[in-house]
Amino acid sequence: MRHDSRQNDQLRPIKVQRRYTKATPGSILISAGDTVVLCTASLEDSVPPWKKYDETPSGWVTAEYNMLPGSTSPRKRRKPDGRSSEIQRLIGRSLRAVVDFAALGPRTITVDCDVLQADGGTRTLSITGGFLALLDTVLAIPETCQLAEGEIFDPKKVFSDSVAAVSVGVVSGEPVLDLDYIEDSTAGVDMNVVMTGSSDFVEVQGTAEGQTFNRGMLDAQLELATLGIKQLTKIQRECFGADWPL
Amino acid sequence: MRHDSRQNDQLRPIKVQRRYTKATPGSILISAGDTVVLCTASLEDSVPPWKKYDETPSGWVTAEYNMLPGSTSPRKRRKPDGRSSEIQRLIGRSLRAVVDFAALGPRTITVDCDVLQADGGTRTLSITGGFLALLDTVLAIPETCQLAEGEIFDPKKVFSDSVAAVSVGVVSGEPVLDLDYIEDSTAGVDMNVVMTGSSDFVEVQGTAEGQTFNRGMLDAQLELATLGIKQLTKIQRECFGADWPL
Amino acid sequence: MRHDSRQNDQLRPIKVQRRYTKATPGSILISAGDTVVLCTASLEDSVPPWKKYDETPSGWVTAEYNMLPGSTSPRKRRKPDGRSSEIQRLIGRSLRAVVDFAALGPRTITVDCDVLQADGGTRTLSITGGFLALLDTVLAIPETCQLAEGEIFDPKKVFSDSVAAVSVGVVSGEPVLDLDYIEDSTAGVDMNVVMTGSSDFVEVQGTAEGQTFNRGMLDAQLELATLGIKQLTKIQRECFGADWPL
Amino acid sequence: MRHDSRQNDQLRPIKVQRRYTKATPGSILISAGDTVVLCTASLEDSVPPWKKYDETPSGWVTAEYNMLPGSTSPRKRRKPDGRSSEIQRLIGRSLRAVVDFAALGPRTITVDCDVLQADGGTRTLSITGGFLALLDTVLAIPETCQLAEGEIFDPKKVFSDSVAAVSVGVVSGEPVLDLDYIEDSTAGVDMNVVMTGSSDFVEVQGTAEGQTFNRGMLDAQLELATLGIKQLTKIQRECFGADWPL
Amino acid sequence: MRHDSRQNDQLRPIKVQRRYTKATPGSILISAGDTVVLCTASLEDSVPPWKKYDETPSGWVTAEYNMLPGSTSPRKRRKPDGRSSEIQRLIGRSLRAVVDFAALGPRTITVDCDVLQADGGTRTLSITGGFLALLDTVLAIPETCQLAEGEIFDPKKVFSDSVAAVSVGVVSGEPVLDLDYIEDSTAGVDMNVVMTGSSDFVEVQGTAEGQTFNRGMLDAQLELATLGIKQLTKIQRECFGADWPL
Amino acid sequence: MRHDSRQNDQLRPIKVQRRYTKATPGSILISAGDTVVLCTASLEDSVPPWKKYDETPSGWVTAEYNMLPGSTSPRKRRKPDGRSSEIQRLIGRSLRAVVDFAALGPRTITVDCDVLQADGGTRTLSITGGFLALLDTVLAIPETCQLAEGEIFDPKKVFSDSVAAVSVGVVSGEPVLDLDYIEDSTAGVDMNVVMTGSSDFVEVQGTAEGQTFNRGMLDAQLELATLGIKQLTKIQRECFGADWPL
């Protein structure tokens, strides 16, 4: 039994609050147990320099990740580190995997994932919540942006699928889903899996912490991840209700 | 009449949520209208290098201030700037003005003020909320810290007074209390006033924006600020109820 | 009596040397007792990026502040710090408060205040001297700049007023004018006041150092500051004689 | 058929030159086709600050990764970037997975992987070559270090296994082994697999580039990676001959 | 006799490998004894900003110098330092002294000198090898660049002369040529001399290390340097054979 | 004839003001024509980390060089650059060449050379003035420092000689002494020579600017430099009068 009485294949309680703040078109406060992330998505009517001279105008999606100093104990110092940079690259890649940049048009969306409280799984929760912030921002484009002449913007065409992420790992020799901080600290293997709503893989990142793992254990973890992502996708869909475009 | 129908001497609605997150002993989510700041206070059982060799051990309080990228539109880039550095120095000085460092003992408290949504008055709200986070952290010392041999820690002795802050300014030629962003943008004078619960001054910072102001207008603003601080002190006190040590 | 035998309302001896160096159109060496600041003002025939596309071309004034390593003991390390950044923002705001940017035309003036010797009051002396360097630079525009077609440049129209600054504070319980380093170190309140030649306020920054102050003490300090600024304005005017445009 | 006529399961030609330079105890020049990496390993008789006060002294292994400016066209600018930081964290984790820090003793080994020429697969080749540089450095400890009193240093005990890495991916819909730059640019999925000499996993990092992949395709790639690692392990072993301690 | 049995006027064995890597048109691996430098030269079809608006288009040559961490013991940390910056300025000036920028046309060549192993004389060897990398890059222009309309590019016209460099110094009171690290550490005077193939001076940099030197000793060293440069020029010429354009 | 009517072997007028500011024991304002440098020297009763564990305690001398933004036109931006770093290394080496660190005792002296106005020759003037600031600081040690038990501090023993520097160059084909900015801009060769009061060399740095120079021209410049240093040494000596310890 896990230290918090969960089953091995059980997620922590997930809560999602849509439109948490107003300054950005997308603003999602998402929590999994005690891990809390504020995901906001800002929209700019321009594209990065390296896209400026493309013949067909197309957009871009980028992400930033940060832990607030008070999100953890001992306090985390406020300065960019390699870990954060690696995580935000992962979030960005994951979100871009389901976006059609031509359909997005010449716009840049920046998804900011700021961790208010960290209890394990901050990067995967950032992806799950970040996708929702991104989605709300795309839905807001028709009202907030000046469309190009002749442009018919269809939010449904921007996304090929939804995306969500979850961690799995091996704790006390058993594969478990959605590790919290205590489990993460003692896990022999730590794996982050990013999948689409249709259960295809976007990213698989498995790391042995001071040990190694065989093929059977890899497969067991991938099963758990697939189960977890199905539930997260359902939660995402319910949160948006009729607004869900997919 | 002001654009949001407030009286000139009226604060925006203030909400305070104590113990918003759990990773730090002090965690206050405070809002004034649409301005929302998360104030957390972390405790370290050590002192800055320049205090290490003091004969009588005494503590320190420092503050950091940051706006989340999605707290404003257009998005604020994530990097330290002169304005943030200036603001966090103000917050730190304001909090330290009411702290007795000998009574605090050899401990360092860092108050982090992270702006989740910015609609004017972020620095003054950070002081008002930051004091509460600091207070909760000091109250937690007896339970969370190893006291020195013979040390009797009394939270009441750490504070000489409470502290709160508010902005005042001159908008359309009239002095007004607690400016929001729209007022701030058009204000001819912008003033931040930090005062104690006993109505003494801690800091007065008044800036003419592209104009100047005479002595009469200065006095009118100071009256408004004094009124505002009285109300904020009352809210601080009510939020802590029987825990209020002063 | 003050440690250097001054009256409470007495400035230190002020000396101003105009055209101290030749590389910049404005170059003022100013001292107040042992505090010595070199203020130079450089002129550029262009404007900051965010002003480039304004319909009516208008200029900008910015300031930088720095203490030379040997200006103080122990030696100050050569690197930007929060305090310097805060001070140069104050100097810039103070100078801009009396400048008409449309009359200045599409030009940028950078006022550099480099402290050669620091004995208290460096930021206020930088404003008092920096205004003179700025003035000389504006006076030099007709000779040194290519005017736009049809432009009639009138230095008198660039300035709405003159500006000067002085510190006041509370030392041994008494309000005093123009604190030197020894007084500054023991002052209970430290206040910097920036005013125009017509005795209007531009900035008021009062800070209690580990204590607080009541309204009566605030008023007493503002009186002293008003007196001090009047004398400084007279010295500024005498230094420029017939060149004084206001 | 692949653009360079290789079979889907065929590595590029691998060359390893041991003791390429003399300044460090480990120095390996390794190439896979046109990708060339110089791996050196430096030894320090001390440990990181956070290990200093451990009761049982134990060592540390860290890695740095860098591409020389002329290793690629267009020239790569000389400055740390997020990608390099992410890669060197991967290399460090991979090497540490097979090291017993207690057996290593209180020593720090830094493995530097400098890419002289980049044609795809630089991070995996850095791991394969970096392990050899690390191995040579550990073998040199008895001669080059002052052993602690009573310490019997046994290089065989430092390593639980060998480690090597290879990339796999999906190109034109087919899973292929050891992608060069041309293949990497067009790959739909890019996967880096780090395994031990005994075919256990250390890291699995799979990324869909602008698409997604299903479970079958994941499995096919893992098969290829396992095959490739077996060959790389054989090459590592042959390079060290009788010196191979495992 | 010198510690490695060389005569005072004898160079270390020099080896040059042309076209060591393929990513850049110029790639020279050069060694003098145990000092090994990889010099690559990259070509860009553009010029620095300050050359963009010149009437007659002309090119630029710049250099960067870096020591790999493993090139020396103890390991050199990876970060720019004053010494490297000074050396790369010297390399750049030395190469530019023999280049006709008008003949080069609107192109920028960056010569990167990365030290793989350091045993004294890295900066002079970087100049000697860097010139060859530069030469190969200029020779490649006709094939790799789009020539301007009517442009007839003649590599011979780009160079007024060849350039090479060598160190001299005073060791145990005697002037010696081409110091290795051991000699460099004990040298009383250390001098770097850059000369053309025609024996004219480009740079002379002599430094007394904790002592001084008289005119006679200066002259003796300049003689040795002149001899050494003649030999290095011969080696440069032989390496290029019929390709040598001068 | 030179553009300012000087003879080829004539220095610009040199002025030296001793004890210009009071915060540091050494403070020299030195000018050569329109080049003005403020040299201050600060004293610390400690030594750099790498000297801390030496058996015989000995001191250190270091230098920093900086141009004020207003010292030149167009304005120089305030940020460290390669040129400044190279110059301050030269100044430090030059001063250290005549200092006996054992006689100095465990103290660090930092010589700051801040250029108030730049008209050519700032680095050489910094050395000439910096030596005087260093000298005054050493003379002040007996009064300002706590001597070690049994220490007899003798300023005369700290210096083996005096040091001064001057530039020479080739302008319009003729060798000239002490170039100002106009000459420097058109010089074909630019040479900085640092010599002792006894006419021995400390540093020789000659650079051909876009051309080369032969041995005869090198010798002619060295003659001029020797003459110039003799005069500068005389001025240094006169400035200190009876305080001159050598």
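The first chain written gets the first letter, and so on, giving A, B, C, D, E and F; residue counts start at 1 in each chain.
The working rule: a residue touches a chain if its C-beta (ideal position, glycine included) is under 8 Å from a C-beta of that chain, and two chains touch if they have at least 3 such contacts.
Because the structure is predicted, anything quoted here is derived from the model rather than measured.
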| item | value |
| --- | --- |
| Both-way neighbours, i.e. chains that touch subunit F and touch subunit A | none |
| Intersection of the contact lists for subunit B and subunit E | none |
| Copies subunit F and subunit E - interface residue numbers shared by over half, same or different | same |
| Identity of the chain that, by mean CA position, is farthest from subunit E | B |
| Copies subunit C and subunit E - rotation angle from C-alpha fit, nearest 5 degrees | 120 |
| Cα-centroid distance, subunit A relative to subunit E, in whole angstrom | 51 |
| Subunit D and subunit E, separation of their C-alpha mean positions in angstrom | 33 |
| Mean-CA-position distance for subunit D and subunit A (Å) | 29 |
| Contacts with two or more other chains, residues of subunit F listed in rising order | none |
| Graph class of chain-chain contacts, one of line, ring, star, complete, other | ring |
| Complete ring sequence of chains beginning with subunit A, oriented so that subunit B follows | A, B, C, F, E, D |
| Residues on subunit C engaged by subunit F in the complex (per definition of touch) | 21-24, 27, 34, 36, 38, 40-42, 44, 64, 66, 68-75, 78, 110, 112, 114, 116-118 |
| Of all residues in subunit E, those that touch subunit F in their complex | 82-83, 85-86, 88-89, 93, 96-98, 161, 191, 195-196, 200-208, 210-215, 218, 222 |
